[in-house]
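Going by the order they are written in, the chains are A, B, C, D, E and F; count residues from 1 in each one.
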Amino acid sequence: MDYRIIQSPSDGALDIITRRMGMSQSATQEFRQYDAIGLIQGKLIDMVYVADLAEKAAGIIAVDIRGSCPQNMILLALFGDTSSVETAISDIKQKMKKSRGSD
Amino acid sequence: MDYRIIQSPSDGALDIITRRMGMSQSATQEFRQYDAIGLIQGKLIDMVYVADLAEKAAGIIAVDIRGSCPQNMILLALFGDTSSVETAISDIKQKMKKSRGSD
Amino acid sequence: MDYRIIQSPSDGALDIITRRMGMSQSATQEFRQYDAIGLIQGKLIDMVYVADLAEKAAGIIAVDIRGSCPQNMILLALFGDTSSVETAISDIKQKMKKSRGSD
Amino acid sequence: MDYRIIQSPSDGALDIITRRMGMSQSATQEFRQYDAIGLIQGKLIDMVYVADLAEKAAGIIAVDIRGSCPQNMILLALFGDTSSVETAISDIKQKMKKSRGSD
Amino acid sequence: MDYRIIQSPSDGALDIITRRMGMSQSATQEFRQYDAIGLIQGKLIDMVYVADLAEKAAGIIAVDIRGSCPQNMILLALFGDTSSVETAISDIKQKMKKSRGSD
Amino acid sequence: MDYRIIQSPSDGALDIITRRMGMSQSATQEFRQYDAIGLIQGKLIDMVYVADLAEKAAGIIAVDIRGSCPQNMILLALFGDTSSVETAISDIKQKMKKSRGSD
């Protein structure tokens, strides 16, 4: 699983993300106003689980970044203010280490 | 094969799942009311087999989560109340260990 | 190569299969009435060969389960009564062991 | 590289092939009347090279079997009478062993 | 992660890039006038991070080169004058070595 | 990286190439009249770089062969007379050995 936190994201970075949200361009506008974006990339099954963890733990909106042609691996974007995103990412790291969930 | 159980799933987690169901958005509404979601990710051939096992063993609806562009690996969601989902996942783990079905 | 036999398949399992047949939904109806489904997953080249073997050996209809976006690996479904499907799968296993067909 | 020869192909095998030809269904009709089909699966670059070899060496039509969403690996079908197909496949095996063409 | 810098790019090279920008052909015209193109290929999560780095460090526009069917790996093009592109690529190399961001 | 040179290409080989050019069928006609085709298969980032090298070094047109659904690896076709194509391929081999461009 890969993690990145981007603070005050640039236009180019936001374009790459919002073009893959599977929403109309106007619907993606609200996501351009958050302070920070946490990015997590992993298996689809884990990303669903992580989205649930993130939204329950902090003031965060989780969106998957892949549009209409999903693959095995997807990218999850966590939008929020900087400290919420940092807390969420660090919580997720801890919880995912405890529960592997594979056979 | 990977397994996860999500209880009282958040909106973000449900969005990721329902957007990949290959149904109209209204048809996915009923799936937002279940207590728990069991997630299983594996090879297409095994997921068909597992969907059959799950639906025969417990009060569960099995849906594949991939939309219109299926790949080699797919994600299966088992919707039901918490105990049915837990029983189904644990039954499936046992049965899949016994029957490998590959050459 | 992976093999599975499903007897009296559940609705969820049949949905996963028929939604990937690349036919109209009404055209898939007839396939819901067979006793058993044999599933075989492998390389496209082998699945064409296996479909030919299956249809020549027993009272079986072979359909590939991938819809409009085929990949390297495809899933073949053999529809028929239980004994025909079992015979077909066992014949195919034997014949594929004898003839590797790769360089 | 994988090879298979199918003689007097069954309807199911022909359906899998012709549905991936990227032609209208009527345009695929003529390909259902050949005695034999040679199948070769490999890298796109090699399959273009092999198609050229096959058509220059024998009374054979070479078609690629992937439809509109090509991947790295494609399947090439050589249509002709049984002996032409057998000769072409055996010629190709020899020539491909001599010239690797990779760095 | 792979890097390349192309100076005064040829028409063929520009065609390959602009056809994968997911923009109308006229919208891609302005990108044909830069002195140099920096290319970086890597995981989607890293390319979002790198696009942000590049746009904050130098007079550079970052665009992802994949069109409408994104995969796991994407190609990022950095447009600018030669020295800006060279500086950006060398900055990115350094920063990506320091922060791995995976678990 | 894989290389092939095809002289006086057959119709089947030309069909496989031109159907993946992402142009109208009429626009591909002019490419059927060259003496030789050089084929190079590799990573997208390298193929953009190679297309630039080829077009600057010799009387050659470089086209990428993948149509509308590009993947990680693409195939580049170099159209020209036989000696131009041979020179271009041999130049590219040399230059690509010197500059790896990965980290």
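By definition in this document, a contact is a pair of C-beta atoms (placed from the backbone, for glycine too) under 8 Å apart; a residue touches a chain by one contact, two chains touch by 3 or more.
Each chain and its UniProt protein: A, B, C, D, E, F = BMC domain protein.
Keep in mind it's a predicted model, so treat the numbers as computed, not measured.
Along the graph of touching chains, what's the shortest path length in steps from chain C to chain E?
Tracing touching chains, the least step count from chain C to chain E comes to 3.
Quickly list, by label, the chains bordering both chain A and chain E.
A chain counts here if it touches both chain A and chain E, and no chain qualifies.
Taking each chain's centre as the mean of its C-alpha atoms, give the chain farthest from chain B.
F
On a C-alpha centroid basis, what's the spacing between chain C and chain F, in Å?
38
Distance-wise, how many Å sit between the C-alpha centres of chain A and chain B, to the nearest whole number?
For chain A versus chain B, the centre distance works out to 22 Å.
What's the distance between the Cα centroids of chain A and chain D, rounded to whole Å?
44
Would you please write down the residue numbers of chain B that are in contact with two or more other chains?
Touching at least two other chains: 68-69, 71-72.
Classify the chain contact graph as line, ring, star, complete or other.
Shape of the chain contacts: a ring, since each chain touches exactly two and the loop closes.
By the touch definition, the chains form a closed loop. What is the full order round it when you set off from chain A toward chain E?
Starting at chain A and heading to chain E first, the ring runs A, E, F, D, C, B.
So in the complex, the part of chain D that touches chain F is made up of which residues?
22, 43-49, 51-52, 54-56, 61-64, 68-72, 74, 101-103
So in the complex, the part of chain D that touches chain C is made up of which residues?
On the chain D side, the touching residues are 1-4, 6, 9-13, 15-17, 19-20, 39-41, 65-69, 71-73, 75, 93, 96-97.
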